[in-house]
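Each of the next two complexes has chain A plus one more chain, namely chain B in the first and chain C in the second.
For the complex of A and B:
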């Protein structure tokens, strides 16, 4: 009634009424955006902006000093023709497969086997402890173990397997495989924890029902537990996928991508071109390509799995 | 449903607005700008956390009334980033340490370094700097840094192992090889070699090459010679024969206390490395002159009539944007004076930058006398002597050679391709 009268009034009152109504609505609903603003600004300034800046550099010949000179797509063309690309991509692929099979697989195994076991927490401890270490520390530790006269070779010799002992970090492709092992030692912990959470979230009823029907062990796992674990599996695989593509610190500490660049992954190549050879433009190109791969794979994976969850 | 703004709406919005503004201000005022350099102190940026610049700061305060205030970066890469980005800005330090040679040239090319030619002239006239070292810090005939530290590259040898095998420091290459054979028979590895850290791959390359043809080496470093030249091929063949004879240790012994431990135990006998390594030896309780000593490698080429030794120099440079350039220059001048150089050499356990100053140990003084009295020609270390864009791939390829000695021709061809490309890119 109030509104109708005001609508027929010819002076500015109806517009004011309208705008005050929408202003109030705006203010009432905008408060949530104000609270979000610092986080958005932080992510924008420290993540999105630097990435856009890096993408800009990838089209230049920037060398770290002076002003960047525009170079068009020449960096991308150089990358396609760079012989290291094959090695780099190959190692990155090995890392991805290795990180998906080992930390995720072993993590799942450990979580499932120790889930309702008496003293299960004790069995999980050796897998969880390494996760507290930084990648660099893991690298230093395992470098020490994998040296020619390190613990691993000593163990092999003690087992009578002298001929298998070698300078692991100096022999491709064993160096990459050994580093994946070192990484697994550390990364399994997070998979165990996440899968444990996932297992705890599974409702008891389907499991009880299946047990009544006679399902045990592998059958129970395959048809009941595994599908119900799906949401958590998506998370674990997603995280492992992204982390494996990004791995740098373990590799840099253990081999610096060597010997003779044999254990370089895309992340290591990017670091080397930028910080050792001062080819910021080219390094930025690799960064953009790597980011594109990560985003693409993550999107493909999530799109496929989330649809069916 | 009134049409006025309720108090709740207002509070909700303003609360959010105030919170966000507060948060953003906190982000914004993180790093306050520092004060500009005062005439009584200069900042010195470096990347060697265990070098005692603080002590030098106290000494400079006493001697010239200007205190050196060191800031160290524990990671070389972030140090390089920080220097490069600060060089042209208001954040530039009063002094900073850097590599000499081509790695310094890059900074001076961008016009970020103070011209110190007149300082070099006056100090060389006073005998505080060696004229022969000026090239290491020169670009287009002008000097852009003073020596921060100087190291020679002798061979550290285990005296006990030598005595047990009846060996003396060799005077000819043949003597060295027969010593190596004798040691191999006794079960001791003659030489240490490593790929730890990637960079050590050039050590034996440069040692063998400068002792074959030092003029060629200098030409190669300047891009005037080829890596596939027969001189280099012969070097690689000699090196390969040494590898095949089993003269070298396994290549993954880290170049730190681990290597010293192996040296101490007598697992290997000889180690070509910079005199800066001496500190590590002392830290591990080895006694110079008793447990170990130094000699300079003899020439590979018996027809070579001059003595050569690798010299490694570090640079101390002043940005043109330093807060107080005059104060920085006074510190640089003081740095190369006999007393400061002596003190610094004592701190580092290494060679003083001033040729008139005393080295901190009899062993090092003997080395210096040997080098001066026998007119050793100072050869710039590979790492600084040629373009970094060649050095980095070269050490990777030399590493490939050390693991696969049979591939020496491919290795040389690869390095030559890269060298040609980089020299032509320079224009």
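For the complex of A and C:
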């Protein structure tokens, strides 16, 4: 391609304009970079620079005023002993386990049950619909359901299950579990869609062969479908884990991480430490730790996504 | 076996629809009637629109809706254009180190937003971008670019390079190749990315919460959360109606363009 460009250029320009020609060539050569410029500048200024800044702040005791003072690893050491962070890590762990079992598990179930079913798309619609709602809206809707005098408790009482009713959003660990449920309601659609793509990609032959050999239902799924679905399962797990780690809106709207910071996850603790307690340096440290975990788990699916690039 | 399969599906669907039903039934309950009827019963009179209007006034949603529309339309549009230019440079113009450039841009979609928040707030406060429409618009555009570049780049690489090479040989400038060949051949992908990013910006909460304060700058979901905070002063049906009202645009887009969303989702799971 480059050679062709030179060829057309030298055809067009007489040789005596040699110096101007090379200047033009330089301009022409760099002109292709102009196409990259807006994207690189916007991403560079608004994402990459703040990223580097956060990484730097995590080693300082910056509080929003003056210049950040270098503090070595002290934030990271504080983080290891901070009881708030202990709760936060615990809740984050609950979220990852919960989203492994629920959005992934239920998503797989829905996808397998409705796969190749007449009208399958219609059966799947209820699971996909919440995807169009924002996290804030999901938080508002589920607050209504799970508040102490909310719909869930009212219905429990009406069914005579009074003793099961609880202040779901006020007592740990129920508040975290309740919010995982709300998140599941929204996030299952993504898994359904991805598992469906995976199921469609499975070659017909092994399934037909197994059917002829008499395998049906559970056996067919256990020994044929499930192993063949594995690559997609890994992707879905990776995406679900990462999405659960990034969850902020649902928690902020439903409990703001409370009461008494009992339902914070790392994503929420970072926000509170930075913007409500003005510990920019410490908040940055939490952001770095969260990012490290996210990157580690993203690797599960990024490898595959980027292979297609 | 068949019976088991269908009953499992039905149980799951009921579980998923029940909260939606409860929300709809109570969002449509006139505020005065809320305390009197059982929570699962449908309302005797239809108060949804009136509740939505009350929510609109109580949370001062008007200016927020206007701003959010601006962010979502202009932000998603600008991101699509900027991403298409970058993808064109990488795929068709074959800039040197194209993959490295792509990774630099794509890296913007990998990390949790917490990694950007602190310095953005700090920088916005110091440069006067805090609590301005321009500040949020620029940020939303920037955040939308990485994913848009990913999708558009994939699409562009499916366009035979011979097309642009032939055009270049005929003397077409790269600008012409971009506007006459690559963009027209990609209208579907570009529209998909636009709709996807429109929805994302419309539903965005965290950046709005961090970088804005006044009611005519803050995006709609942040305004909704503020309404939720006033549970004491607003009735529950009003808050629910407000939540449904702000979801109308994305719900309509989703239902009309479901196939398109599913494709975009299947591509990445974002």
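A few comments on the model shown:
By our rule, the second predicted complex is superposed on the first by the 247 of 309 C-alpha atoms of A that agree within 3 Å, B and C clash if a C-alpha of one lies under 4 Å from a C-alpha of the other, contacts with A are read in each partner's own complex, and residues count from 1 in each chain.
Here is the rule we use: a residue touches a chain if its C-beta (ideal position, glycine included) is under 8 Å from a C-beta of that chain, and two chains touch if they have at least 3 such contacts.
None of these values were measured; they are calculated from a predicted model.
In the superposed pair of complexes, A:283 makes contact with chain C only, with no contact to chain B. Of the two partner chains, chain B and chain C are each touched by A:64. Of the two partner chains placed by superposition, only chain C is touched by A:267; chain B is not. Applying the stated contact rule after C-alpha superposition, one finds that A:275 touches each of chain B and chain C. Touched residues of chain A, counted separately for chain B and chain C, are more numerous for C. Using the contact criterion defined above for the overlaid structures, shared-chain residue A:170 touches chain B, although it does not reach chain C.
Judged by the touch definition given at the top, the superposed model places A:302 against chain C, while chain B stays out of reach. Of the two partner chains, chain B is the only one touched by A:258; chain C is not. Of the two partner chains placed by superposition, only chain B is touched by A:148; chain C is not.
In the superposition on chain A, contact is made by A:38 with both chain B and chain C.
Residues 31-33, 35, 38, 42, 64, 143, 275 of chain A contact both chain B in one complex and chain C in the other.
On chain A, the positions that touch chain B within their shared complex are 17, 20-21, 23-24, 27-28, 30-35, 37-38, 41-42, 64-66, 143, 147-149, 167, 169-170, 256, 258-261, 272, 275-278.
On chain C, the positions that touch chain A within their shared complex are 1, 5, 8-9, 12-13, 16-17, 19-20, 22-23, 26, 38-40, 82-83, 85-86, 88-90, 93-95, 99, 101-102, 104-105, 107-108, 110-123, 138-139, 141-143, 145-146, 149-150, 153-154, 161, 165, 168-169, 171, 174, 178, 199, 202-206, 209-210, 221-222, 224-225, 228, 236, 239-240, 242-243, 246-247, 250-251, 253-255, 258, 261-262, 265-266, 268-269.
Put simply, chain A touches chain C in their complex at residues 1, 4-5, 8, 31-33, 35-36, 38-40, 42-51, 53-54, 57, 64, 106, 109-110, 113-114, 117, 123, 125-137, 139-145, 151, 154-155, 158, 185, 188, 190, 193-194, 196-197, 216-217, 235-236, 239, 245-246, 248-249, 252-253, 266-267, 270-271, 274-275, 280, 283-284, 286-288, 290-291, 294-295, 298, 301-302, 305, 308-309.
Contacts from chain B toward chain A in the complex involve residues 3-6, 9-10, 12-13, 15-17, 19-20, 23-24, 27, 77, 80-81, 84, 87-88, 106-107, 110, 112, 195, 197-198, 250-254, 388-389, 392, 396-397, 399-400, 403.
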